[in-house]
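Labels for the chains are A, B, C and D, by order of writing; each one numbers its residues from 1.
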Amino acid sequence: MNGLLTLLVLLPLAGFLVNGLLGRRLGPVFVNVVGVGLPLAAFGVAVWAWRILEAGGGEPLIETVFTWALVGEHVFEVSFYLDRLSAVMALIVTGVGALIHIYSIGYMKGDESYARYFAYLNLFLFFMLLLVLGRSLLVLFVGWEGVGLASYLLIGFWFQDVDKARAGRKAFITNRVGDAGFLLGMFLIFTAVGTLEMDQINEAFAGGLIPVGIATAAGILLFIGATGKSAQIPLHVWLPDAMAGPTPVSALIHAATMVTAGVYLVARMSGVYLEAPAASTLIAVIGLLTAFLAATIALVQTDIKKVLAYSTISQLGFMFLALGVGAYAVAVFHLFTHAFFKAALFLGAGSVIHALNGEQDIRRMGGLSRRIPWTSGTFLVATAAIAGLPPLAGFFSKDEILWFALASGQGGAFWLWLLGSVTAFLTALYMFRLYWLVFLGRSRMAPEVAEHVHESPWPMTSVLVVLAVFSVIAGWFALPQYLAPLLPAPDLRFDWPILHWALIVFAVLVAVAGLVAAGVLYGNGGRRAEAIERRFARLYRVLAGKYYVDEIYERLLQRPWLWISDRVFLRLGDRILLDGSLHGLAALARRGAEVLARVQTGSLHWYAWMTLLGLVAVLIWMWRYV
Amino acid sequence: MTIETVFLMVFALGSLTGAVAMFFLRHPMRVALALIGTMVSLAAIYAQLGMHVIAVFQVLVYVGAVMVFMIYAIMLLDVRDRSFTERFSPLLVAGLAGLLLLLGVLIDGLLRGQPFPAVDVPPDAFSVSTFAIVFMEQFWVYFALTAVLLLVAEIAASAVIDIRRRGQDVAAVRAERGDDHG
Amino acid sequence: MSEALALNLLLFLPVIGGVLLLALPERRADLVRGLAMVVLLAQLALAAWLYLRFQAGVPGLQFETRLPWIPAWGVHYHIALDGLNLLLVLLTAFLGPIVVAGAFTSITKDVKLFHGMVMFIQFTMLGTFLAQDLFLFYVFWEAMLIPMFLMIGIWGGERRIYATLKFFLYTAFGSILMLAAIIYLAHTVLSADGTPSFAFADLYELGLGVQVQTLLLAAFALSFAIKVPMVPLHTWLPDAHVEAPTAGSVILAGVLLKMGTYGFLKLGFPLFPDAALLATPLIMTLAVISIIYGAGLALVQDDIKKIIAYSSVSHLGYVMLGLVTYNLLGVQGAIIQMVSHGLVAGGLFLMVGMIYERCHSRDLADYGGLAKLLPAYSVFFMILTLAAIGLPTTSGFTGEFLVLLGAFHSAWPQFEQGVSYPLVLASLAVLGIVLGALYMLRLARRLLFGEARAPVAGLRDLSLREMGILGVLVLAVFYIGLFPNDFLQKTEQAAMEYQERILAARDGEVER
Amino acid sequence: MDDTTFLLALSGMLFALGLVGVIVRRNLLVMLMFLELMLNGVILSLVVFTQMLGAEAGAVLVFLVFVVAAAEIAIAVPILLLLVRTGRTLDPGAYAGLKG
């Protein structure tokens, strides 16, 4: 049915426009209907489109909307492309998105700019769908920057607080750095291939027409864009600060959908990366490094949302590890499962914060499981899922990643698997630490907070339950096989099923070890953990300081640029050199005039003498030279 | 060395001494007399050259009219102020240097000048009659014009003076009345 | 009515308007404003009609009028529309009514003279764009300075005398060199084919030696570079903008700055192709320096108008970069960027004017949290800020994307032949979009977010008139952002000719 | 050195002395007289050339110069009188303020 994808994309846009313009005047109920109704409708359309896709046997649906620009023989078209990969992404975006919208009704009740919140959220869905369904890199880039804008607006939603506005700006600038890399990659591909349509690009690269050098360069540049958006090592600094936004925003944008855009990009452009082994190994290494370092930082964080933020960065690192070793389908599978349990965790955290009336510091929580049972239950399920305990979703996807990290023919290596397993252990450790400190043990809550802890209203808890359920069953969808025709699994270096099963068992043991270690360390109020922290005080300070990455950037990038702009460009360049020379010329003219004026002394004798000199000069000139 | 050259030399020397004397004489009247001496020597030179009309007019106009008028001025402005006590201006040395420079240039000019092609001059070229004929036939127009211009200048001058005087009278009257109201 | 006649009417409409203005009594300011609005709206309608009638893909000039003006020197009154000036004429006509509407409340002194000046500026600017005769071009080019000089001088801020003198002398100095070059050109044309002619078409065919071309290009380029402004010659812009009244700033940023780049596009490079090719690395370097230098300076200013003035330097750096790429993407991107900057910078200056009208302060430190006090104002300000950053779906993105793509597209083959310098410059230019985001968001954060404070209490939000103006501007920005194809089709033919004229000089064949 | 060169030299000297006199002497009246001396020097050279070339027009021209000289002094002296009536001195230094 032509126009379906366009409808899917335009629904959230309509939500943004209607709420943006009329929302304030027509009251929260109208905002709820539009703000939540349209994403749900979008989810329905997405499911319908997916069924059509399946009915057509996986044939991609292509819809050309209009020609954006026609320059010479270069054609830039705005067209949508639905194949299995983008269908999965669209379903996640609209599905989890709709759930989070429902959750937001409860969470944001009573906020004075209620309509604006839902308008921005719908705007985000519009741009995310544009990103996911776009056929050409240009449309993807429009969605790419659009979600950057939406996250900027939503992080700085409570703009009265200067820090939140500054966090929003930091997020946008860091994303923008990634986008600069993305643009360069896009230009390179355009120059090499001549078009920006992603499917044609994959064919061109697969066809071997493009030299490896260009493929590697394009791969790395696009990866820079991905690190910006998916908060990998060099450009991850913005995600922890992005927690300044409302919690549902963190859940939707900074956990489930936007940050996975980078993963989607690399998966979609698998054609390029298959031709560029160097780029793939770079991705794997950076992904793993990010995963490991983020996990270590998460261990010592005291703010509940910061822990989850670093956990997201770590899980994204895992996905990039999978992409790096060529297991594109597995990465998307992990993305799929991660969307559910991470959204559940964040919304759970939101519910905890809502219950404790804004308290976010886990050192002043504890013993909440009895007070807010539904939240604690769903949180436990999600924690188990992310830790990778067997029946749940996390176990299936993470285990696949570790297996391909070891065995993949395209760059699989033992140390990748080893560090991956250590990170898996750390993941289990910090997640259960979080659970232990927040829900179990003695209550360390401030008295006035403690007595009116209340369970969240039903819209919030119902969403939590749904997400918890999906966190369980998500693993059972055999997504890698479903995406196989599109993203073939890499050929294995060695295929010994016994080793595979052994690794699975080992992975479970690692997860359980993590759980036990957390229990031991943080069992009775975390006293034993504090002892260890005191002994390794210096290491603890480095981890707590997040490896001082922000300070390094501030000193290496921000301050020099400000210094150059102010001292070199403004003071030296403009004021002294340019304006100075102008004023110098003017002064020169004025002083010259003064010197000449001194000849008029007023004395007749002087004038006569001047006349005599003039006469002499004329005579000499006349007689000698004429 | 013909007799004429000797006479010329004498008169030239006369005019030069007069001119140089003007530098040193303190009282303007004596300077005026020295100048008259110079002018008369010049008239003599003109006569010696055969330009009798010019010589006569030189004496008549210059000495007669110009210097007399100057002497009246000197009589009216008999002021014994600083210009009397200090004869020379602050630029004395500069002036003398200028003099040497100028003379040097003039002499250099003269020495390098090409000799003049001799033109045969009829002996009575500059008699009174030829002067009168030439004056009356060709050039009377210019002199008539000059005369008219001078006349216009005088009328204008008197008109200006008249306006100014009447203005001053009115101002004077107003000043008196002003004092009453003041 | 034939199009050529309409074009002449378009040009002389402001003059007629100016004359009618004289008839109105000075007291009746509203009548004066009404008439000015009517005349300029008529001009806009005419320009829009001509735009629609303009056929894409037709080579050469359209709606031409060519009358002998000074036969002795071969000077003709020769005006016409072609792909290069079409959009700029439309932009000038579009900004006219906006400027007058924007100045309803801010201009109270000498209202009649002010609107006379606006008419005069419109007339001279349109003249410069439409002129196809070098002599006529130069006459309008110089005439344009007078109204601008008076507008800043009379209705400006405190240091207006210094600012307007600096502006006038700077630009006039540049033009004198150009005059010398024109005279030389006229001289060579005379001797070349006997019949003296100033028409661009003849001048393009003039095969001058490279050495001569370089000198002439230097003279032309200096005059245009001052107008653009390119970095070393830009110090007049911040002063002129800070001291100019809102209307003056909008015209200055909206159209006057485009004179320089249009000069390069129409006259500078096509007339002297060999010299242009020699000068390309230099101009490309200056363009990228302008981008980064402008972005840097905009970051450390505390005066809002100066921030936007320096952002203009940065944005026009992109335009210059686009011009020297000599491929269709870059050149058409440059033209779109010119129009986009006209709309965005014009809009931003209007908004600064509106806040200045309310609070009489341009210092960023006095403001904060306007989003709370003036919600409608903040929405429009945020949209224009995003357009200035070049966010997709806005016109800023269309311009920047095509320019950067063009720059990369022309730099890559050179990189493969070993010349890596243009590629480095193209990458630095892409870095520019980050710097752009840096200073614009700093401005937005300091102005709109944070705790609400403003020098004057009890601010009232945008009036209907102000919202109308900004609404029209924002619609135009989004239209060019989403549907630029129509504009691109109409300018493609002229851009192709420009490109062929220059590349033909290099290697004879045309590289698309 | 025939007569004409000698007389021309004399006219040059008279002119030079006149000019230097104006520079050197302090008294305004004396400066006026030196002006007259300069004029006489010029008239002398005019006469010498007229005599050499035998041009009657030269004589008429000399006559005109006399007229001009008379007119010139007729104007110079009254101006001087008015000037001195206000400045009360003949020293040109006192009138330096007139430079404007």
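We take it that a residue touches a chain if its C-beta (ideal position, glycine included) is under 8 Å from a C-beta of that chain, and two chains touch if they have at least 3 such contacts.
All figures in this text were calculated on a predicted structure; none of them were measured in a lab.
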Maximum centroid distance from subunit B, chain identifier (CA atoms): A
Distance-to-centre winner among chains (Cα means, whole assembly as reference): C
Pair of chains joined by more contacts [C-beta pairs], A-B or B-D: B-D
Between subunit B and subunit C, centroid-to-centroid distance (C-alpha), Å: 71
Whole-Å separation of chain centres (CA-atom averages), subunit C against subunit D: 68
Centre-to-centre distance between subunit D and subunit B (centres being mean Cα positions), rounded to whole Å: 5
Rounded Å distance, subunit A centre to subunit B centre (Cα mean): 103
Residue list for subunit D, restricted to those that touch at least two other chains: 19-20, 23-24, 92-93
Subunit A: positions in contact with at least two other chains: 603, 605, 609, 612, 615
Shared-contact residues (touching 2 or more other chains) in subunit B: 89-91, 94-95, 98, 102, 106, 109
Full enumeration of touching chain pairs: A-B, A-C, A-D, B-D
Of subunit D, residues touching subunit B in the complex: 3-10, 12-14, 16-21, 23-30, 32-34, 36-37, 40, 43-44, 47-48, 50-54, 56-57, 59-60, 62-64, 66-67, 69-71, 73-74, 77, 80-81, 84, 88-93
Subunit B - residues contacting subunit A, complex: 89-91, 94-95, 98, 101-102, 105-106, 108-109, 112
For the subunit A and subunit C complex, residues of the former touching the latter: 66-74, 138, 141-142, 145-146, 149, 152, 156, 159-160, 162, 165-166, 168-169, 172-173, 176-177, 179-180, 183-184, 187-188, 190-191, 561-562, 564-566, 569-570, 573-574, 578-579, 582
List of subunit C residues in touch with subunit A within their complex: 166, 232, 234-235, 293, 296-297, 299-301, 328-329, 332, 369, 371-372, 386, 391-393, 397-398, 401-402, 404-405, 408-409, 412, 426-427, 430-431, 433-434, 437-438, 441-442, 445, 448-452, 482-485, 488-489, 492, 496, 512
Subunit A residues within the subunit D interface of the complex: 600-605, 608-609, 611-612, 615
